[in-house]
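There are structures below to look over.
Look for chain A in each of the two complexes below; its partner is chain B in the first and chain C in the second.
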Partner chain A sequence: MSIDKFKDKFKEEASDNINDLENALLELEKNTTNKDLIERVFRAMHSLKGGGAMFGFTALSEFTHNLETLYDKVRNGLKVIDRKILDITFEAADHMKSLLADELMTNNEIKTKHKQLAANIESLISDDTQTDVIPKSGSSSESSIKTYYIYFEPNPDIFANGTNPLYLIDELNSLGNCKVFAHFNKIPPIDEIDINKCYTYWEILLATSTDENSIADVFIFVEDQCKLEIDEVADNDITIHADFIHAITRLAIEKKDVGIVEIKNLIKKLKLNANVALAELNEPEKRIESSKVKETTISSIRVSSIKLDQMMNLVSELVTTQARLTLFAEKTNNTELNAIVENMQKLSRQIRDNAFDIVLIPIETMLIRFQRLVRDLSQELKKNVVFEAIGAETELDKTIIETLTDPILHILRNCLDHGIELPEVRKKLGKPEQGKIILKSFYSGTNVHIQIIDDGAGIDPEKIRKKAIQKGIISENDELSDTEIFDLVFMPGFSTAENVTDVSGRGVGMDVVKRNINELRGDVVVDSEINKGTTLTIRLPLTLSIIDGLLVRIDNDLYVIPLSVVNKIHVVDHDSISSKFNNLIVLDGVQYSFFVLRNELGYKSEPPKTERLILVSYETGLVGLVVDEVFGENQAVLKSLGKLYKNQALISGATILGDGTVALVLDTNKMIKKFSKNSEIIN
Partner chain B sequence: MEKTIYIADDSAVTRMFITNIVKDVPSVKIFEFTNGEEVVTAIKRKIPDLLILDSVMPIKDGLSVLKELKDLNFNLPIIFCTADIQSTTKEKAIQLGISEFVNKPIQKDIIFDKVNMLLNL
Partner chain C sequence: MMKNDSLIKINSYLSFKLGDDEFAAHVGKVLNILELVKITPVPKSPEYMKGVINLRGAVLPIIDTRMKFGMSPTQFTQNTCIVVMEILMEKDTIQLGALVDSVLSVVEIEDDQIQPPPSLGSKYKSEFILGVAKVEEKFIMILDMDKVFSSDELILVMDSTEDL
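What follows is the complex of A and B.
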């Protein structure tokens, strides 16, 4: 296997690591003392460092090495998570992504950023004074770190007890920050040494949040076989003071043993005690109950998206070929062949459904980017906003997810910029100072709905109306419903912002957002109430590639109507239809609007005597579509019509039938909307 | 006779890297594990001829695995891989009875030789 393959694999894994890092950071921001989260951040750094070095990402490896050191201090209680550390780590996470893409830092901007960030991180590591501590959310019992002096002199025959004193010191080491001074002055001359005896004794400074009793517990089995002294010497961690440790080390070398008196004197001299501020900053070792941090064991494998695309293509071909086989087998009247083909059809349907399921990924995968945007932008705009995701486990076709990320980011930018008000403004309006943006996803039939709900200023329909008139999009006399007015937001060149800010004014407008969503065969609508907030609803199909359809004929052409919208099929007389006034028909006692597709699509040929009226569901209820003939169900593998026909609204794609003919797949929603505008009968 | 090797590392690409080197050792069967807990469970089921153990892993880290194996009185050749910034990790691991030690970033020749040596090939 070539190194390049490893490099690619590492890149994939590294971006997962960075993702997990960001996720953990976002959680950590809410709960800055959570040990599990700190461990997760540490592990991410560690993995990036190790892998980076192994697969030639030297800059990344060195960069994360320093962060690992920083978080090692945090997890050992030598540093607490504060705003500064979080901000720099977030920035670092972004930078790591750049380093993955441009490992040699050919881009000067990245190089500069690298130097600046690395310097900042290094100064954070060596900086012992911390400010700007984020208050923890949730209560936890506070217990600060104290430093203890421990004198431990085992009896010479302690080994006979089955105790290795080094393990005891090791255990002390695990309780906190530990400085150990071993004294060898009692070791006899070499010819007198008994290898079964212990001649060494220790002085230990232990900074820990555990109490004196727990320290004594370490020595519980050797209590009467040693000289033991445990004293509290400082109300904070003094082992982090380099000059203090330096002085002690010198004393320990010069003298036989330092002794508690000397140590206490030194502490007094260096004014290390009663350093309340510092003591407070050192967080307890105590495990705080984590809210929802769960380790997820790997029960899945990674497949490149290219392979998935290939598989989907093959499945498409399989489904198409299967349809052809079915058609052929039916013609032969061979019962045995038909039985086999029927079985095959069942299997390929299952394979299709399975494959379809594989390419579905949860909306969750987009969340980090959204959370980051909300976090970073709200800070920039000095707004206080919380972001919440509901139903993030909802799954969508991966292509949809990929295409959807940017439009949603844009919508969120809009929410933050124009929707959510500044805290002062909100306060005046009697709203909570903290604004809220909810991303809510749920299934609805064969569609997925994604809503972006904010509790901000809302959109004033009157303002939009005026602006639309001013821009010549509508005329003064146009009577528009609120829904129609909100729809204007998506018109090209429309922007409600009084002045285009740097945030949402740049790049794309809402018209592009709508177009992107439309290209996914989706829809987007706005609903808003002044001062209450705005809800933007995106409706999307579950998948793009395969649909179950109803195969119909108009004149000599074949069309597919998605089965998901088909409600009922009626046989109707052409004469009775053509005589209907205003395109309204009563079926089974209910009145429906209907359209004769051959007329609407411009066929000039003679219509058949009896036609079929298909009732399909539309926004406002059931609507009839009249076709010449209905053939039955069909699995349609959707192929795009290509760039040339991208802008037409009636057809969502084409499909190749078993016998090789092409059928167009109708987008009934858009079609009915268009026809009803022409005839203005459905409102 | 076929020899069994367990590799425990939370990084898939690292496992892949090690497996890719070790698979060239004649007649070995390799099993991969993503954390300490998984590999301890596996060892309890069947002791491998060699364990290649990572230090920093979620759920149960390398040192905890070593402690547990020691407590359980399991004696098996272990190569401990670490990129740890704490020098004490190495010392602790040695105390806990590892056979060999490999620094991360792992170098191909080094680990290949150690595996060969420990499998008495």
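What follows is the complex of A and C.
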């Protein structure tokens, strides 16, 4: 029982490791000599091997061992990364995934694959034809020594815990060459000194071959009792440079503390750091990126998603209960109670925002799969394609990300298969031979937009029109705008590909893509220009579970309209709307089409004399929705209407109001689409 | 499946009235009995789906059982109740509230008291009825709740005298 639990844990960790491995490989492919990346690949393999052996995944462990041997050779400069090695490692990474799922290789296919891959790797290891590799300049042992800057300021009462900071500094000294600068400027005048307190702090330069983590380990027991900074400042031992130490010592005496900036400046000035300085100049972005990765691994913890879901449910209930409490407190007119409730409300709002923030994860997490797909598929299709992600730090609800991965994979497959042309064709058209697919994400109000942009062949609207007529989806006489024509792509059973290929073009897919995205309360539109490329824009809500809404009344029922679409509210006379022909009204000099919701939703009671017209944004611009009354803003915790109402298209969910009744949340986009179709039939 | 086995061993049924007829549902299916509260209608949905209510923070769909049985819509009286039930629908268990004219009592019916539904002469389709039992000189129809609520059909036999 318990060993199974550990095994599950290992599987989880292992798939993280494989992910990291893939990620590092993709980077390595762009920069095959980067030592850090090779090290990362090696590390991921090493933990896979170790963990695998420990938890009985023998096949995985042995398999990884061979790979590790291969990369050990790379690390030691006996081999260079080439296409062959990369390909096999990618394949191996995939195979590791299947090994995780089927450790005993019960599936024969996996078994054959295993043998074949293992043999290939072995032959690569023993293949020494490649040894004419130029060894890197500078001996490898020297280059692995790095210099770190450590700022260590213990809390004054650190002695109370029986810690002697000097022992820690001794320990640092044992790790490598160490230059210590003690600062005494915080020591108070002698009559104020408390002999039980520590007033000294230190700046230390340590040149060592161990990594940052092992340095941090020295301080592991005093972590929360001191201010600690550890930064890599140079990629070699700079403590041996007399000028440098001299300059630093002078600074340390003159100033209170030297500081990392000053040290880095000095290093730059004295040009002690050839490699790092160059790297910093050449690829400043990459530096930042890798340091960011480091930070997240140290400062984050792993929480099971079930726990998160539970928390989200509880927070939703808290928000609902809070609304009830607020309503009740207002009625009592008890100022003391009201003050407390107001405070509670503030707190629960903060808790809510925090909780929602926790379940947001960056789009980045999907990227590895996309990059893999583009890489593998473009090779298979003999196309030259580069994949670029812009705004990958954009965050979305984790459930949205989970549901979104497959649709985007499908879209990418389409881009690669139909969008990007073969290099020869591109050349003829005067385009660069290398095609480009960009995944661009950004926030827009309470929505997130994800665009998949390719610079391929584009979609010919005329072709789609013909196809749609041929399939009987539209008739010869239908006049459609380009947008409407592009929208046909999402119809079930629609495919314009002339040849059905292995990859896409069977007409399944795009309708499923649209459906999946609709289920997330999002939508998707296509825009395309022939020979310029296609842009697919997916619009999604930030979170699934809560929205800011406008509470409105129709007859005796309350509805919520998402505030994100509300533009303006007008007061209108019932008589003035009912006399309007063709559902068009002029407000502030602009003409809008509008729908009276009480009619559209089938209410039969007498409408009030004055009504409210809410202008909401819709695909084609602003559209008016007429309701009886507007109550104001409302925080709606969205609940599903359940399976029985699964055919209900106008309502995106329900929310529970402060008084315990249920209000329905309107999906204005779908509603307007449906209503306008209805009125077309009438006309 | 374990759960079902233990359910079957209990021979308690909740009896309720729709019009003049008495029906019963196994207590294992019944979660709760609620007084009538304001039901929020869901526009553009079938007429027998009355809308939704708030059941302790969850949204519960309400079904007009009378209409499902081909009777006139439920008239709301003091006796009208919402019986919250757990229904197996296409492999998923869902909760719903069934409107009934009144809830009568919990009755013990032994398995051997239950007779197969009469195939002829009944107003209701026999596939929705598990059996008929005679309790205190009255006939109670024991319903297969899963079938009643997961079917889109009306329970009434189509060629019955009632006007549809």
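Quick note on the criterion: the second predicted complex is superposed on the first by the 491 of 683 C-alpha atoms of A that agree within 3 Å, B and C clash if a C-alpha of one lies under 4 Å from a C-alpha of the other, contacts with A are read in each partner's own complex, and residues count from 1 in each chain.
Basically, a residue touches a chain if its C-beta (ideal position, glycine included) is under 8 Å from a C-beta of that chain, and two chains touch if they have at least 3 such contacts.
Computed from a predicted structure; not experimentally measured.
Is A:S640 touching anything from chain B or chain C once the two structures are fitted on A? First, second, both or neither.
The answer is second: A:S640 touches chain C but not chain B.
Report for A:T661: first if it touches chain B alone, second if chain C alone, otherwise both or neither.
Second partner only, chain C.
After superposition on the shared chain, which partner residues are touched by A:E13: those of chain B (first), chain C (second), both, or neither?
In the superposed model, A:E13 contacts chain B only, not chain C.
Looking at A:E317 after the superposition, I want to know if it touches chain B, chain C, both of them or none. Which is it: first, second, both, neither?
It touches chain C, and chain B stays clear.
Have a look at where A:H46 lands relative to chain B and chain C in the superposition and call it first, second, both or neither.
After superposing on A, A:H46 lies in contact with chain B but is clear of chain C.
So in the superposed three-chain picture, is A:I577 touching just chain B, just chain C, both, or none of them (first/second/both/neither)?
A:I577: touches no partner chain.
Once chain A of both complexes is superposed, is A:D72 in touch with chain B (first), chain C (second), both, or neither?
The answer is first: A:D72 touches chain B but not chain C.
Would you mind listing the overlap between the chain B footprint and the chain C footprint on chain A?
Shared contact residues on chain A (touching chain B in one complex, chain C in the other): none at all.
Considering the complex alone, what residue numbers of chain A touch chain C?
Interface residues on the chain A side: 316-317, 320, 557-558, 601-603, 639-645, 647-648, 650-651, 654, 656, 660-664.
Give every residue of chain A touching chain B within the complex, in rising order.
1, 6, 9-10, 12-13, 39-40, 42-43, 46-47, 49-51, 53-55, 65, 68-69, 72, 166-167, 170, 173, 295, 297-298, 302
Show which residues of chain C lie in contact with chain A when the two form their complex.
38, 40-45, 49, 51-54, 57-59, 61, 63, 89-90, 92, 94, 96
Which chain B residues qualify as touching chain A in the complex?
So the residues of chain B touching chain A come out as 10-14, 16-17, 20, 34-35, 38, 56-59, 83-86, 88, 92, 95, 104-106.
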